[in-house]
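Look for chain A in each of the two complexes below; its partner is chain B in the first and chain C in the second.
Coming up: the complex of A and B.
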């Protein structure tokens, strides 16, 4: 790749003209970088070295292979140290032991600020990452960008959509809901038509309900340095809690926990009729629910106000450079990171089914017109790309969200199994979080 | 009307008792080989048998199903497609045959860990049983105490120790802790003291045999059943070891089967991860086959006491 091309592209991206012209460049594209930085990166790559990466993203394997083939001086050890919380625990152990820290780590957006705040992550703006503004859609970019520092480059994103089982809806002659009130009604109608069919499954999942608040325009978590505000009393939050309360009270949601084998079975046999989840879901549908191929479709999320087009992010993750990584080669780590998450690696991952967070690829005709065989030929990426563009800004997670999510089922989750309401559960969650946050040295306001 | 009823009930049991007593008298000569049948005990044993076999049956039945078949059929019976062979082939070849690597790792850990643990337990147990030395009671107390401490409780301190020594994320972190088996030591101690008659050792000493050659040529064959028992225990413990490798190992190429299967299972709960429940189940079946084989092959060694009747 020549430097001119890189610079030309950075100019294009900065002026915001990200769209179709760039798609013509094909998979050889790279994210825009400052000219000098690019040169430095090139030198580092020629010099080579070793890197250790902890990640559970399956599509990264191919990216690493391609990268090593292109830069033979670089040798990368890609380690799956567990997914999600398992890996965070291992990472936290390595950080406190001060040894065995990987050079790069896969961290979900909700957990990023927890690691950033404990100074375990390297601020990437020193490598010119600040100029990647515009390369990514607002949701993922805001997630990695905190207080002017960039703590990782988005690996994937999860703009939400409503997946629904068309066959089940057709069978009972019920319309696919466009508002959450219609959603509740559709839940009632489905139950009335067939007691074995539920509109959704839910046993209380922190990531899901916070995404609904996000979509509703609520901002329950506000973070300014170590000043944290937790507030579940906003009108939008109350609306979410009250709507979802109806589904629980009337037993319209199946008591099946997500990601279990029972859940896959429910998605396959029509027990679970809809699923509001991120755009990463198709890959899991294809491998986990092969039997229901052709039944499912994707639609925009139901809305909190009729006629609105608001959406939210659900899940998604970044690759971050760890401070004190075992090979202490941050420049090389950034060179790989840029290749993988802003450069040619993005297309490699998309080809294997990952949903990207890069605006350029989300505007690519070929990407948008891709027909999903699983969704019976639907061009589902159009739904997802539109969703990505409609994510409200200003959302942030707590700097101790990993802990917060771990106590979710003890507090809010109680609403699903006992007589307490979601509102009471949220209050209990808030109380516990305020206590915890203050103990950890934050000053938490309610 | 009401009078005959109590009379009737009072006489009938009486007659029954007589017949019961008679039958008991008639078949009093129960032997060890031909014990008296107890329906209650038979039923209880049956329940326990069922309880232990159902998971195995489930495992076998479901390892014959495809991913789609798992969700579309009754759990305790076969689905239409019999996919056991393709499942086995997929299990062995998935992800560049990482399962075979995990299997070899496990065998490696078992041979070095369980083999070493048995060897040390035999040496120590024999010495404690045969020789008298000061502090023996103290050793006894420590061994008994160590049996009572669950390995799980020691995992985190062990991790910190190994971390200091720079041994975490290496096979040694799994093998070295497996070498210690207080229970095996205790078992060998007890077994040695009963299985090796002092007369035999005295005879050997009189004939001029050194302690080492006595141990290897005379005592070791006598300890056979005890050794096999300890070997089986330590093998099962090492083969099924989960928690220790979980905290020690990061690199999946050093995983034992237990961790590997768990990693496969958690793929289903990962965004973009491939759900491979059929391979997890088939992999689990393949994982227990060597253990079952070991039990079947070794049980005849440990069934009979070799010294029975050797000394009058």
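Coming up: the complex of A and C.
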């Protein structure tokens, strides 16, 4: 999982009331029909109204201000209800309670289908969102577009790159790897040169390893309605697991968990030499690892096959319209959504450091030639934009990916601390997910 | 009762007896009412609601359906639940005796009157209890770090390699250490308060009889604070079974060593908030509550029987 500015869960939030929510989802799916959609959008903007948005994306703040300035009749309440899972919990509780649901919510791609499935999200194709095909790069667009329905507009995207500490590689005279086999060898060389230097940190992260599978061309999760297939035995998946297993077995990866203090220190002092992550990482480097400014660079991801150019998405999120939102003004919500994620709002967000999912901006000369001071003047957006164009199609997440990721460390994570192998861990993960999915009424691997 | 009803009958049989009795009972309800309402709302309703929830099943596909006791059947046969319960049972069997022994020793030492700077020791040992559990866990988590934490610093300074306190083999002991640090002061205070109410005349008598300090402890002090010991033990049992804050905070530092079903409470939490299985989570919570009640009750019976 991914997320900019993700914070450790605050356990203080636990109250004794473990289960005080009762499922009572409404199914009030009314809305305007196709056709005069665009005209209606103009009308509602002049009419105005109120909107509540739950989002943790900081660049959205400016977009809201600009929007309110342009359409004075509209008043928007932007609420930060927590990042990632914290927000999904709050959202799920509001949906169960049937009140206090925001009109728009910030949802990461991997969690989108979970909310779409419970009919908590409005299908945006009724507002003509289907025509935005081509506006976005394939990765983000496929993530929001499921079975012909559009469940949100992409806010940002996370095409992956390999961030590496140039100073460390130079010091030891080691080349930056271009394949994952070279990557393993570079890990060995770095350890041999200096036992305090690790090629990467890893304690097992669902979002990361599934992205590697994605890059390798595997499709472990197949979803068609409520028919789900989970299969970690594809050749590409096995290749990922076996390659990564070498790094664990030979203790080439530092046992440091991401987003902890140790992690930031490791990125700063050269303990962690590379980091494969989404294009949202530069902003985090600048804020979390200011001391290493000038040391790091971005490169294309190492490849599974020599000479290939495949990539993957890692993280990224959309803004979605909730069914039964507080102000029940879906047309106005869509008007804002289009402004923020397909219209002028996109540039506003880019100016503040967000990596967009829109093809137009990714091809923009000014954007591509922007020099990153942190990367010592490297035009890193060119690496990211190329990565975004090379994301294999056909990937999907599970409709219960939030739960799946939460039990990742129970199963696959055991490979990092015991004699279990990644392959066995993946098998245990698969078994647990098949059981859960069938219990939840899906038909998994049947 | 008979002496009261006697004059009432004699003063006049025409006065119906039940009327004043009925009025009395309503006045009683008037006093009780506000309490009963709050009690029902705050104590009984959540329990009743949890029981209600535990009889249903909510599926992502298919919605909510009544399943009777199926959730309980599942809990009984759930290896993850039992492994969680086993873990807190080991914790209970090892950590609670250690913690109570230390607390008792400290209380006896402070009560002996031979300690220089008595109030300083009392307050400094009690102080960790005033630190919120979340803060304490974060603090200890930093100290346990083998790379940048205190353990790492010690390793660097002395050129040794201490075992990693956050490894799967040691994590439970590390959590036990945090909990002991937090609660020794609290239990010490319970014991110390009980020791203070022993009448000084007993000590005088013991001195006249020529009893040694050891005999004073075993014959006077320990029997006198048996009640406090039982209470502290019951609190500790409940506390152990409800273990949550410490492992939950350390989970971000040791994600693989601390599973989502590390303790029964964490299991219920992750079922409810990550798995959206509120119904099964309620079942786990109820089963765990029952087990805790039974064990606490057995300990109380045993403690009280010896006293009598």
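Keep in mind that, in the parts below, the second predicted complex is superposed on the first by the 409 of 446 C-alpha atoms of A that agree within 3 Å, B and C clash if a C-alpha of one lies under 4 Å from a C-alpha of the other, contacts with A are read in each partner's own complex, and residues count from 1 in each chain.
Here is the rule we use: a residue touches a chain if its C-beta (ideal position, glycine included) is under 8 Å from a C-beta of that chain, and two chains touch if they have at least 3 such contacts.
All values reported here derive from a predicted model rather than from experimental measurement.
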**OP:** Return first, second, both or neither, reflecting whether A:331 touches chain B, chain C, both chains, or no partner chain.
**Re:** neither
**OP:** Please work out whether A:434 is in contact with chain B alone, chain C alone, both, or neither, and reply first, second, both or neither.
**Re:** neither
Original post:
In the superposed arrangement, which partner chain does A:290 touch: chain B (first), chain C (second), both, or neither?
Top reply: first
Subject >> First (chain B), second (chain C), both or neither touched by A:323 >> reply: neither
Subject >> Comparison of chain B and chain C by chain A residues contacted >> reply: C
Original post:
Touching A:400 in the superposition: chain B (first), chain C (second), both, neither?
Top reply: second
**OP:** In the overlay, answer first, second, both or neither for which of chain B and chain C A:354 touches.
**Re:** first
Original post:
Once the shared chain is lined up, is A:80 touching chain B (first), chain C (second), both, or neither of them?
Top reply: first
Original post:
With the two structures laid over each other on chain A, which partner does A:261 touch: chain B (first), chain C (second), both, or neither?
Top reply: both
Subject >> Contact residues of chain A, present in both the chain B and the chain C interface >> reply: 259-261, 265
Subject >> chain C-touching residues of chain A, taken from the complex the two chains share >> reply: 8-12, 14, 16-23, 85, 89, 92, 114, 117-118, 203-204, 226, 254, 256-257, 259-262, 265-266, 271, 399-400, 402-403, 406-407, 409-410, 413-414, 416-418, 436, 439-442
**OP:** Name, in rising order, each residue of chain C that touches chain A in their complex.
**Re:** 46, 49-50, 53, 58-64, 132, 134, 142, 145, 147-148, 167-168, 244-245, 248-249, 251-253, 255-257, 259-261, 268-270, 272-276, 278-279, 281-282, 285
Original post:
Which part of chain B faces chain A closely enough to touch in the complex?
Top reply: 67-68, 70-72, 163, 166, 168-169, 250-252, 263, 266-277
**OP:** Please give the residue numbers of chain A that touch chain B in the complex, ascending.
**Re:** 54, 56-59, 79-84, 86, 90, 97, 99-100, 156, 158, 259-261, 264-265, 268-269, 278, 280, 283-284, 287-288, 290-291, 315, 317, 353-354
